[in-house]
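Common to both upcoming complexes is chain A, partnered first by chain B, then by chain C.
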Partner chain A sequence: MNWFLIMAYILSVTSFLCLVRIVSGPTHFDRLIGLNLMVTNITVIIVIMAVHYNYLVYLDVALVYAILGYVSVIAIAKYLTGRELHR
Partner chain B sequence: MIIVADVFFALGMLFISFGVIGIMRFPDVYTRLHPAGKAGTGGVLSIFIGLMIYSGLSHFSWRIFLIAVFILITSPVASHAIARGALESGIKPWEAKND
Partner chain C sequence: MPLLGVRLNRGLNRGKLKMINDVFLIMLIVTALLAIEMKDLLNSVIILAAFSLVLTFLFFNLHALDLAMAEAAIGAGVSTVLFVVAISKTRRREN
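Let's turn to the complex of A and B:
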């Protein structure tokens, strides 16, 4: 078993735990924290797969995924700012 | 040179695992932002530095460097936006119960 695959498995387990936080967060901002960390974990998984399988195109996919995750998190945070939705 | 990359991989996996445990265990939004920020910058950048050392000077290392610089800039901005939104939305910070 290669170490890259073991790291990808551990990162998929951590992103699943972030998904548990997204489902069971008490407020909306807990769900947003879980979304931010899950996007970052999946970006790391894509980069590790690109280095392991020697595919150069996956790094562009990882960059686009990171940009989309950042824009979505900023947009949802700006949408929820100042709204009394948490109770 | 592979040993240095393995040390960075182990450091990054340790950061991300402890960050996710902190997200699962901490009681509040503001306390959950702390391990989320540490796992989002420290662990990810450690893994990217390890991958850059592993792949040497090639097309891979330059693009991984680009993604690492992007995440280094944008992850604290996202954490700051979440914290400011939670504070302006009126969420009270958690306090310990002194029984």
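Let's turn to the complex of A and C:
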């Protein structure tokens, strides 16, 4: 048990706390911030496991999720402003 | 023990980090139930995005890297935007 695995466990616990905020958020914005933070947490967990197991293919998953993770948050935030989505 | 030429204990390998796997399986069940039970459909879409995220990490933890990449691309990129466009074209509240 080295520091990488300890940090992976701590980040999984914090992503569980983000899930609590997503489930019981009073407004939509709490849920949106919780989702964004959870995307970042899981990307960091994947990068930590790639460094710990010294396996370079794992970074591709983290790269795909880091590129595509913001699209859903921007779509929901743009819907909440009340405007059209394509504009 | 071998059954039909397949060793069973290869199938019972539960990923690298077993405690993280248990935590994320509980999160998967919670998000799947709450995405059905929400009355406001926008909450349901946000919880469905969290479900896709948890499923991506579970695929990654079970050595299915190509499946994790496909789930990340479809679940975060296409599916959520499609549901938000559908909600903006129709009603938002479920009655």
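Throughout what follows, the second predicted complex is superposed on the first by the 82 of 87 C-alpha atoms of A that agree within 3 Å, B and C clash if a C-alpha of one lies under 4 Å from a C-alpha of the other, contacts with A are read in each partner's own complex, and residues count from 1 in each chain.
In this section, contacts are C-beta pairs under 8 Å (C-beta built on N, C-alpha and C of every residue); 3 or more make two chains touch, one makes a residue touch a chain.
What you see is a predicted model; the values in this text were computed from it and never measured.
K.L.:
Once chain A of both complexes is superposed, is A:60 in touch with chain B (first), chain C (second), both, or neither?
P.N.:
A:60: touches chain B and chain C.
K.L.:
Please indicate which partner A:81 is in contact with in the superposed arrangement: first for chain B, second for chain C, both, or neither.
P.N.:
Only chain B is touched by A:81; chain C is not.
K.L.:
Using the touch definition from the top, say if A:8 reaches chain B (first), chain C (second), both or neither.
P.N.:
second
K.L.:
For A:37, decide between first (touching chain B), second (touching chain C), both and neither.
P.N.:
first
K.L.:
After lining up the shared chain so the two structures overlap, which partner does A:50 touch, if you call chain B first and chain C second: first, second, both or neither?
P.N.:
first
K.L.:
In the overlay, answer first, second, both or neither for which of chain B and chain C A:17 touches.
P.N.:
So A:17 only meets chain B here.
K.L.:
In the superposed view, which residues of chain A touch chain B and also chain C?
P.N.:
The answer is residues 32, 34, 60, 80, 84-85 of chain A.
K.L.:
Contact residues on chain A for chain B in the complex?
P.N.:
Within the complex, chain A touches chain B at residues 3, 7, 10-11, 14, 17-18, 20-21, 27, 29-30, 32-34, 36-37, 40-41, 43-44, 47-48, 50-51, 56, 59-60, 62-63, 66-67, 70, 73-74, 77-78, 80-86.
K.L.:
Would you mind writing out the residues of chain C in touch with chain A in their complex?
P.N.:
Per the touch definition, chain C meets chain A at residues 16-17, 19-20, 23-24, 27, 30-31, 34, 42-43, 45-47, 49-50, 53, 56-57, 60, 65, 68-69, 72-73, 76-77, 80-81, 84-85, 87-88.
K.L.:
Show me the residue ranges of chain A that touch chain C in the complex, using the header's touch definition.
P.N.:
Within the complex, chain A contacts chain C at residues 5, 8-9, 12-13, 15-16, 19, 22-23, 28, 31-32, 34-35, 38-39, 42, 45-46, 49, 53, 57-58, 60-61, 64-65, 68-69, 71-72, 75-76, 79-80, 84-85.
K.L.:
Any idea which chain B residues touch chain A in the complex?
P.N.:
Residue list for chain B touching chain A: 6, 9, 13, 16-17, 19-20, 23-24, 29, 32-33, 36, 39-40, 44, 47-48, 51, 54-55, 59-60, 63-64, 66-67, 70-71, 74-75, 77-79, 81-82, 84-86, 88-91.
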